[in-house]
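Each of the next two complexes has subunit A plus one other chain: subunit B in the first, subunit C in the second.
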Partner chain A sequence: MYKTSDKLTAWFIGIGMATLFVGGSLGPIQKLEHVGINLYTALNSIGLASYYQGLTIHAVLNALVWTTFFIVGFFTFIIPRSLEKPLTMPKLNVLSLIIMVIGLVMAAIPILLNLATVLFTFYPPLQANPFFYIGLVLVVVGSWVAGYGFYATYLSWRKEHKGEQTPLIALGSIITMVMWQIATIGVAVELLVFVIPWSFGLVAGVDPQLARTFFWFTGHPLVYFWLLPAYISWYCMMPKQAGGKLFSEPLARLVFWLFLALSVPVGLHHQFVDPGVPQGWKIVHFVLTFSLFVPSMITAFTVIASLEIGGRARGGTGLLNWVRHLPWGNPSFAAQNLAMILFAFGGISGLTNSSYNLNLAIHNTMWVPGHFHLTVGSAVTLTFIGIAYWLVPMLSNKPLWSAKMGVWQAWTWFVGMLLMSNALHIIGLNLSVPRRTMLGAAPYAATDWQPMLIEAAIGGTILGISGLLFYINMVGTVLQKKRLETPIEMPVAEVYHAEEPVPNWLDAWRPWIVVTVLLIVVAYGPVLVNLISNMQLTSPGFKLW
Partner chain B sequence: MHIDTRERNYIAISVLLMLIFATALMVSAFAYGIQVPVPYERVDPNTVATPGVSPWGDPVEERVRELAPNKYEAYILAQAWVFLPNVVTIPKGASLTLYVTSKDVQHGFNIQGTNINMMVLPGQVSTLTATFDEPGTYNIVCNEYCGVGHQTMYATIVVEP
Partner chain C sequence: MDKDKKEYKVPAGTITILVIFVLLIIALWGSAYLTLLSRGATG
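Coming up: the complex of A and B.
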């Protein structure tokens, strides 16, 4: 029944993992450069021109390609199973894979030829080769097409199941795709209307402030596009793996709807120190960003309560003793649980980032990569790795090569990330050390930065080892001859209070879409009208690498 | 909709916590004046460095001005990969208003160890005011990627005793 979608999933996550391998490999090399161990001279011989070309590869592959490919693949797998029906229009989903791969190749060539060393934010007027931008557009368009395939499947399910509540896994996935569709309008306008014509020389200039604003319209909801699939696993799958039940299903639904409504109108909190954005709108986005913490706080309560049910069912007692009774020997569970713990720290530093004037203390310092390696680099990536520990065996019909190695991988990631992010947060906040900088060659680098940079380099190296353990395990799983003796099933958590009906407004699209669009119009309408009416397309392109 | 009482209380406390944090930040911004950059004026990055067109076209040594005793302003031009002027000297206790713009790509402007942290965009003027009570040398570091020489882009503020 799921043959086509399973095959597609294998392609999506396989390509995603391959890109994470390349992008991730560059991470430890960056951290070593900061302490004076410069491996870039050696990498010159294989064509890497600079630290910043490597940083572009690291960021584009890890943050954009790995995440998007894994998410689309994961949804291609879980939506049909959650709705218990195969993809209605599988050709759309095949098409989405083809478009995304073409986009990936098209963007990768200029990056590898050092024609697009503009990092993943590609702030104009740094000007990359046009095919870099077109490739990125195609990756996004491909993910839209995957969304259309999911919507078609969902609509046909709704026709067949009138009056029934959408299963939570499918609902969360579809909400994520709809949010993504709305959010990516910003970067689509930036690239299609302004940047691509300018990179072809059809128009002479761009307005950098306007371009940044369109970028961050997409740039912050991008974070929730990464995170919500992890939330789906935490809410709907992990309780099952822990032997527990989903504690409060209606709240889980509410959380996904709140993310639809609130993910987009918060982007200006990335632009608190931008010169051209009016103060009042910065404050509006600051308040909206704070409101966005509430659904994440609810998630913390509900997910921990759901796991506690499992820990107690497995013999745990007392206030905290149940934690020890969780299935820590299961690598899929261990990885995701440790990812959640790291996310707690990342959430706190994220609150600082979005705190209006407090942001002055840490904007563009090492604090920021310290933060997002805990979120996208751990909450998301380590959770996806945890998912892979059951998903890859299920897809390949082969047992996980080594569960023990999987547990080691999860813990080394946890320890490496704690060391690295701790060091980066401290040097960012206390010493204003800039991010995205080849610090080993910076004339202003101070000796009191060294202890923390060394800690970060040790953490980064441990993370590199953790990554290797993951890839050895994946390759070992796929290449072995052994077959599964008992088939694996997708973990789906039961609901704790199943007798309580879920109110209808938590399964109704129209009111939530209206709220979403209204919030975006109110929070972004005036500021965009202001910027567009004062637009000055005066900046020519620069290629400074 | 059924919500467990403990979870309901927890959500209420979470919302309250956010309100307290937000209030504290607004007090620090408006009662204590810790502010972010706000729109000042637009310039043309292609001509901003031309003499006679704008203050950033003036000779470098004339771009730090004493307006009144202990009140200074500086017009700093960011470009790949320098700030000009790259040394700003002021006496201890002076207030310094910075006007920074870029004639090429985006840059960052962070006086290390202070709350002066701004994006510098071509076409825009970033401005903040700081008072320096401690004598010493402060580094201004570019903290936005601006090309392969980005790590060499910095300047200093010398606060004389």
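Coming up: the complex of A and C.
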């Protein structure tokens, strides 16, 4: 029944993991460079031209490619199972894989040839080879096409199940894809209208301020495109793995709708120091960004309460003793629970980033990579790793090669990330150490940076070891001859208060889409009109490294 | 379900964890704010 979607999932996830391996390998090398151990000289012989080319590969492959491929693959697996029907138009999903792979290859070649060393945000006036941008566009378009395949399946399910409420896993997945399609309009306009013609030399210049604004229209909701699939696992799967039940389905549904409405109109909090953006609109986005605290805290409450049910069902008593009774020996659970703990700290530093005045203290400092390694590098990636610990055995019909190694991997990731992110936050806030900088070669590098940079390097190295453990386990799983004795099932949590009905407005698209569009128009309309009416396409392109 | 409800009614552990989390937010956000203030109004 799910043969096609399972095969597609394996391709998406396999390609995603391969890109994470390449991108992730460069992470520890960056941190070692900061303490004076420069491995880039050795890497010159295999074609790596600079620290900044390595940084671009690290960020583009990890943050854009690994995440997008894994998410599309994960949805290709869970949506049909959640709806209990195969993909209605599987050719669309096959097409999406083909488009995304072509885009990946097209973007990767210029990056590897040092023709696109423009970092993850590809801010103009840094200029890349046009095929880098076209490749990225194709990766995004491919993910849209995958979304169309999911919508077709979902609409067909709705026709067959009139009056029934959408299963939560499918609903959360479809909401994520809809949010993604709305959010990526920003980067589509930036690249197709301005940057690609400029990189081909068809227009003389670009307006960096306008381009950045379109980028962050997509850039912040991108964070929720990464996070919501992790939330689906935390809400709908982890409680089952812990022996618990989902504490409240209405709260879970509300959270996904709130993220649809609130993810996009918040991008200007990345541009608090941009002089060309009117201050009043920065404050509007600051307030809207803080409203995201509401679904985030609802998530913290509901997910922990769901796990508490499991911990108590497993014999835990007292106020907190149930935590010890959770299945910490299950690598899938351990990885995801540790990811959530790291995310709690990432949430706190995120609140600091989005505070209008506090942002001035940490903007463009090491604090920022400290923050996003707790979010995309932990909450998202460690959760996806945790999902892989049941998904890869299920897809390959082979048991996980070593559960013990999986638990070690999760804990080493946790310790490595704690060390690294703690150090990066501290040197960013207290010492204003700049990010995206080859610190080992910076003439202004101060000696009092060293203790924290050493801590970050130790943390980064432990993370590298953790990554290696993961890949050994995955390759060992797939290559072994042993087959599963009993088939694995996708974990789906029951609902604790299943007898309580879910209100219909939590399964209705129209009001939420209207609110989403209205909020975007109100928060972005005037500022974009202002920037477009004052745009000056004058800046030439620069290639620095 | 009735059995579940007898065993577990109020998620007291969860509420405790969230109270600790909120206190942590206040402490860490507050310390960053004090760092900002220590640099002076235009520092």
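To be clear about the criterion, the second predicted complex is superposed on the first by the 545 of 545 C-alpha atoms of A that agree within 3 Å, B and C clash if a C-alpha of one lies under 4 Å from a C-alpha of the other, contacts with A are read in each partner's own complex, and residues count from 1 in each chain.
Operating definition for what follows: contacts are C-beta pairs under 8 Å (C-beta built on N, C-alpha and C of every residue); 3 or more make two chains touch, one makes a residue touch a chain.
This is a predicted model, so every value here is computed, not measured.
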Which superposed partner A:Lys245 touches (first subunit B, second subunit C, both, neither): second
Which superposed partner A:Phe301 touches (first subunit B, second subunit C, both, neither): both
Subunit A residues touched by each partner, larger count belonging to subunit B or subunit C: B
Which superposed partner A:Ile98 touches (first subunit B, second subunit C, both, neither): neither
Partner chain(s) touched by A:Ser355 [first = subunit B, second = subunit C, both, neither]: both
Touched partner set for A:Ile532, first subunit B, second subunit C, both or neither: neither
Touched partner set for A:Val521, first subunit B, second subunit C, both or neither: neither
First, second, both or neither for A:Ser291, with subunit B first and subunit C second: first
First (subunit B), second (subunit C), both or neither touched by A:Thr437: first
Subunit B versus subunit C as contact partner of A:Ala508, first or second or both or neither: neither
Intersection of subunit A interface sets (partners subunit B, subunit C): 247, 297, 301, 305, 351, 355, 357-358, 360-361
Contact set on subunit A toward subunit B in their complex: 50, 52, 55, 117, 119, 123, 125-126, 207-209, 212, 247-248, 250-251, 271-279, 282-283, 286-287, 290-291, 293-294, 297-298, 301-302, 305, 351, 355-361, 363-365, 431-432, 434-439, 441-444, 497, 500, 502-503, 506, 534, 536, 538-540, 542, 544-545
Residues of subunit B that touch subunit A when the two form their complex: 1-4, 7, 10-11, 14-15, 18, 21-22, 25-26, 28-29, 34-40, 42, 44-46, 80, 104-106, 108, 110, 112-113, 115-127, 139, 141-152, 154
Complex interface listing, subunit A residues touching subunit C: 245, 247, 297, 300-301, 304-305, 308-309, 311-313, 319-320, 322-323, 344, 347-349, 351-352, 355, 357-358, 360-362, 429-430, 496, 498-499
Touch list for subunit C against partner subunit A, complex: 1, 4, 7-8, 11-14, 16-18, 21, 24-25, 28-29, 32-33, 35-36, 39
